[in-house]
């Protein structure tokens, strides 16, 4: 009898302790929640050290850093603008590609998203090139690296001659697709050209084998379409402003010149300025549109 | 030493493991893979096949390593400690047959374990394969249920055989805890061999570099047997290097098992 | 051909951590066991009995000397097909059932499959393991494990069996069973070599004994020679009045009161009838009259003490 009571007492004490432990957690959340604004620290800065520590599990470690890079990019994208954004993207991708020297997709992600300026990325095409060149050293016959290096030079560094050279080198590698050679030619002749850009991005879009690459290409194609739209709309505005009467889209619609308020490929209406210029709404996700200038 | 005695002891070891351990490790493996695949697709940005393959191979490697070290170091020492060895050694089998039989039994256990994990692995890959769009597959450097994965797994098996031999050897004369640490140390050193070889670039002392170089030649080199990266990325396997690696590991296994037999033959079981 | 013979078997252990000193566990053991003997290897705890048996089973190696079983040197693997061994306080594989353990051992003896099952069943019956034979050894009591140990020593119908403390862990019923089993083995012509520190068992079972103390063979020989048939005296238990006892005191060697008018009287070996008649005439009632012979225990104590004195003198 006494033993049973004793046990019951212990059981109640255990339950009470459990409740208090859980409540303390809740209290902590209220009073002193863990800080979320602190930039996560990368404990292992040296990729060589990481490679040594991972021993037989380097591939898995590379995957872990890859996933951290993906998550980091995603969360930075959504976070409000702050200095030092995307700070870990390059180190994480660098660790990943050192641990797995053949992890080409990681370098290729870097090519697209490291090069891009704010808000889409840190604007570091030099880091992108570093990753790609490292990949090329380990896999010299992989044409995708040459393609991506050429692309960085073309799209972000505006170095059309170098871009064409890389495309050309890539086209000579085994299994290289035929359009790479075409791209070399196009870059050389129509480097600063929107049509050339459309051709390049279109190739990337149709041949992309990963989701995010395809989406990135699609995004660019939409931007190019918006540029085309703006040119076309500018011409229409110039021709029809007299008939419309006012420099407002509604006037043009009422005048039957346009069927509806023109929107960009993502559905945001274009802006019609007082001087008759058509621009993209800065609120549109397609903002800022790429510019084309004569090649360096 | 008679092969039939070795076989009988090996089968006994295998049966013991079937009763105790094989089902658990398989369940853990399956749970890890399935759990990982659920969590993954959001995080891998299209790399889920690479990650699943890496994870599957790494898990097989890790679990096999745990089995080899923990069970390997207890193979002989547990029997000696518990004194169950007295009755067995009074039977018509040599001490050598006993030791080799124990070793063979654990290797057999590991092989069956790996086999079952491989089957689960391929099933998982096939399931993922069926739920993936074709346009994604065109960019793959290696197919989903790549038969070359079997090569990587077989070589993991070879590494585990060596680890078992190391564990067995140490356990014939040292305590289980020390044996585990030493076995782990040899496994780690086996993967550091590249660094040992190039030690002179890291330190200034030529004496240290010479020692490191000597260690590199003496210790088993596990790096050539690691083809996981090549298989997952569809790269060619350096068959010559692998062949030499396997032959050298086989030699080490012979040395270690032979050494274990020698030590065991001379021991007094008080 | 002798069943077992040893020649100057000596075992030194190195003890101590830094400076190792040799500790002599067995000194120059020479003995011979004839086929069909039930040979009792007796001695106090720590005398070296287990050391000797382990040397015979080649679980440990001798520092010097040699031993043979059935004419073959002790390390010979083939001769092990004809012997059985029960270790002291045996342990086996917990996760196996008794049947499985015996089947495994039967396999090691290359007993063919058909015969295996029958033999395993027979030997388990013989040691008194019933339906528990299908339960794992993990759940067995000490006595049951001991029985399994005996069973595995007999699975191959051996010619020579070595039992190290066969009665250990058994209750009185179990000990009786084992005694009867040992006698059955003797009747079958099996040579039984067993070590024990329980002398009463040896007295009933053995044809020969060896007494070992502090690593040395203190004495040994045929039991009948040692124990002898001579009557050394009589033990008489009577119920009598104290006065009657006093009157008889002169004719007896010793008087020990038990309780309530009951006394034990130690009589000289020559005809006790005279004392008996005198006491009964005096009103005493006889409870029991037993002859006193030299026991194995007397012999044992005498020789062990002698060895101890000799060692102390050295």
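Letters A, B and C mark the chains in the order given here, with residues in each chain numbered from 1 onward.
Simple rule for what comes next: a contact is a pair of C-beta atoms (placed from the backbone, for glycine too) under 8 Å apart; a residue touches a chain by one contact, two chains touch by 3 or more.
Values in this document were obtained by computation on a predicted structure and should not be read as measured data.
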Chain nearest the global centroid, as defined over all protein CA atoms shown: B
Distance-maximising chain from chain A - centres being C-alpha averages: C
Whole-Å gap separating chain B and chain C, where each centre is the average of the chain's CA atoms: 50
Rounded Å distance, chain A centre to chain B centre (Cα mean): 41
CA centroid of chain A to CA centroid of chain C, Å: 87
Residues of chain C touching at least two other chains: none
Chain C residues touching chain B - in the complex, by the definition given at the top: 13, 54, 57-61, 77-78, 80-81, 83-87, 89-93, 95, 104-105, 107-110, 149, 152, 162
Of all residues in chain B, those that touch chain C in their complex: 4-5, 8, 12, 16, 19-20, 82-84, 86-94, 266, 268-270
Complex contacts: residues of chain A adjacent to chain B: 52, 55-60, 62-63, 66-67, 70-71, 100-103, 105, 109, 208-212
Of all residues in chain B, those that touch chain A in their complex: 40, 43-47, 50-51, 54-55, 57-58, 61-62, 135-140, 188, 191-192, 195, 222, 226, 228-230, 232-233, 235
